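Same chain, two partners: chain A is paired with chain B first, then with chain C.
Showing the complex of A and B:
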């Protein structure tokens, strides 16, 4: 079914189809940047293919690749035949693929998202603005050279001495699904899995309920004594 | 209430207290709330407000969807960088005295959103009085937070505080100590 789409595109475009693949049953066609809009438009309009369902349009960043940094990827489907196809093209940084917003109107916002996240502009797009982030944002966060912990606050953070991320929470409190057993790692252990999985695999001893309760109680008392010895007395006489 | 003195006049009894104590007592039992609900924690907030847990028992049943009429700002859920100006402005519009509760891990410290999208704790933008840990917190934790806030209002104490976990069986009615495995 989907193979028929690949065959049809091969027959129609010949040499201009650069590459095809069908890994895990997902059929993919790679075309050059200049053929991007023409192939997409053909897939939609052709009487045999009728790829009328725009699923998604996104991009992939390969910063180490010298020939072209980005892949732009289109996922589309035919509601008539049920065939699915993935169309891919390569774009250098600064190159502008043609916009598909005139082909599928659903591509309008998807292309704005690709511009927002990757900084790829689409030639002929009716409204090429950021869609999720704010206009003040500098850079494009899904590029792999964007620092992973860099935030660009719209409101300046308050100037308070101890405002850093820790306030209340113990290492494992509240997130039993955490992927890393920090308590074990910080105490010199080498558990590489979550506390729950560690118990299952026998790396970590299960605490009985009373033991767990004692530990928590001890921690609460230690914290109260450490942080606010005078507050602890006040709380009791609240009413 | 804080300091009460009972004057027994033989048949007629008068009770005196300080005006500030009376004022704080009135405030803590008539908290009008502004729920700033952005994420899944909202479900737990609704549950707390609904009859089963019934936040009305604590004098906090009236949500006011105008910040100008409310006393407590509940920040319920993830606050993205883009929402920062909005939440800041709502807080600025509230009349004094006002309090802020950070509801859930995301509002308290950003949770697992440690990247460009999210404010790592709403306390980066506005001062917070009570933090409720949990992802999301159970309604019991929310009621604990409300009682904690009432105590702090009565004591006129603006130091931020965290709702402690309720894991001790004796402190958590209905939870059986054994058979939890």
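Showing the complex of A and C:
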């Protein structure tokens, strides 16, 4: 059923269809970044295909791949024929695929989420804001080089100046287990060991060196220094 | 002269501002199920502009999945749609099984169907009950939740937990059905029928309820397709798309059931579609109970995938090692990428998983039905009245855990 879609796209775009696959029964077509919007629009408009039901748009990060770091994946379905297809393209870090928000309205939020999580901007998107996280968030968490236990800098309370929110936990805490040490792997090190084991071997990466952590630490110290004399005075008066 | 009278004489100061009023609704508003913030521009009581802002319940589901084993995702999956966790459990299990290219034994498939449909009933009970409650009809809410509790009693007896079961396993279930499973389910079915009937008597001829639901929050068929809306919300617009019918998984192709569709795509249709789906779920359960074998294995017979029996783990070295390997390293999946989808409580619940051949998922993407359903909410609300946000947003049935992940 979905094979028909692959055949139709092959016939229409010929050489521009880079790859097709039907692994695990999921039919897939790979196109170049520049053809991304055109192929998607064609799938929707073509009388034979009518892939009018938007299903999902997401990305996958392969930081070790030389050619292009990200896969951007679109899944659609036809409400007429019931066929499903997965369209894929490769994007380098910083490259901007064209936005499909004009083709399927559902792509609007999906692309905002991909921007939020992976840092892939979509060219021509009407409203490229973060969607799940907040504006002040540093980094894009679903990139493989974003450590899962990374501490975020404190965000000054919006508009109200003098309210300081400290996290209820220290910056060294958090969840210290992960399977792959991406930071070491990407910097060429061979430290593939899980950080949980790394703790025992003294290899655990600490967060203290990161800029964000230092900022947080500095603020905590400044705050403690500010409060300490008052505390001492109170104790004194109590006695 | 009183100051108020002075104001009356001063015509200029009485003129109301023509600018739209900006209102923040949520994130902690009683009607914003879970935590959603809506920034609204109001002209009188009419919504002229609207920005729906999800994300307040974001807890990094997809990132968290990348650092555990395949089996360790089950508890996270439970907490996606916490009103029907069994459907998520089974959805995740099916996704990994698709990657492993295995199929669970027949008895387990029926077991999954029955538990899943019970979860769907409880999901629709919650949504419809809450919709009625928010419009002032508190009684149907309590009645529906009473029966939902009896449904949860069954799930509790089977799984040990009322809500977050973590009961699914890759290649089977955590435990076989209890001895009284079929009787328990058959005993609750008449109660489900009864309470659905009672709800209909209470609500379907109620003038207030009709006025608040009919013609409010309309979504057209084209909009639904374009936004990627699925599930009861898509069916209410007239799209007969149900994963159980269109792409049957488990043993759904063996049951005789209907897919209810609406016509107008308004709140009323969404309410009625859910109500009818409860009846259809009951039909599926009745047939599944009849067809389900009473004995036979629940798990696939493959020690590389399924945990060994606890007795063996404590008494034999082979089972101890197998257990250790499965827990510490996780089962190995072939390299590849699959998209597996099931019919969740709110629509197509898809798991797009990428495996690099290790015991840990390389990437897990969950396609939450709520996410796209909520994205379409803007279209349904714009131009309406501010009070209509409550029933419309209620009938979208946004589940924060699933939407924000």
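In this section, the second predicted complex is superposed on the first by the 151 of 239 C-alpha atoms of A that agree within 3 Å, B and C clash if a C-alpha of one lies under 4 Å from a C-alpha of the other, contacts with A are read in each partner's own complex, and residues count from 1 in each chain.
Keep in mind that, in the parts below, contacts are C-beta pairs under 8 Å (C-beta built on N, C-alpha and C of every residue); 3 or more make two chains touch, one makes a residue touch a chain.
Bear in mind that the values here come from a model prediction, so they are computed numbers and not experimental data.
Which holds for A:75: it touches chain B only (first), chain C only (second), both, or neither?
Touch partner of A:75: chain C, not chain B.
Output check: A:133 vs chain B and chain C. Expected answer is one of first, second, both, neither. What do you get?
So A:133 meets both chain B and chain C here.
Examine A:220 and indicate which partner it touches, taking first as chain B and second as chain C; both and neither are also allowed.
After superposition on chain A, A:220 lies in contact with chain B alone.
Figure out whether A:150 sits in contact with chain B (first) or chain C (second), or with both, or with neither.
Only chain B is touched by A:150; chain C is not.
After lining up the shared chain so the two structures overlap, which partner does A:105 touch, if you call chain B first and chain C second: first, second, both or neither?
Second partner only.
Answer with first, second, both or neither: which of chain B and chain C does A:141 touch in the superposed model?
In the superposition, A:141 contacts both chain B and chain C.
Per the definitions at the top, what is the overlap between the chain A residues touching chain B and those touching chain C?
133-134, 141, 146, 148
Quick check on the complex: what are the chain A residues that touch chain B?
Residues 133-134, 141, 146, 148-155, 157-158, 160, 163, 165-169, 173-175, 206, 209-210, 212-213, 216-217, 220, 223, 228, 231, 234-235, 238-239 of chain A touch chain B in their complex.
Tell me, which parts of chain B touch chain A in their complex?
By the definition above, chain B touches chain A via 1, 81-82, 84-85, 88, 105, 108-110, 112, 114-116, 118-121, 123-127, 131, 133-135, 150-151, 154-155, 157, 159-162, 164-165, 167-169, 177-178, 180-181.
State the interface residues of chain A toward chain C in the complex, per the touch definition above.
Going through chain A, the ones touching chain C are 23-26, 52-56, 58, 60-61, 73, 75, 79, 82, 86, 104-106, 108-110, 113, 117, 131-134, 141-142, 146, 148, 177-180.
Okay, in this complex, where on chain C does chain A touch?
Going by the criterion above, the answer is residues 53-55, 58, 60, 62-64, 66-68, 98-99, 101, 223, 225-229, 239, 241, 246, 336-339, 348, 350, 352, 354, 358-360, 362-363, 365, 367, 371-372, 375-376, 379, 404-405.
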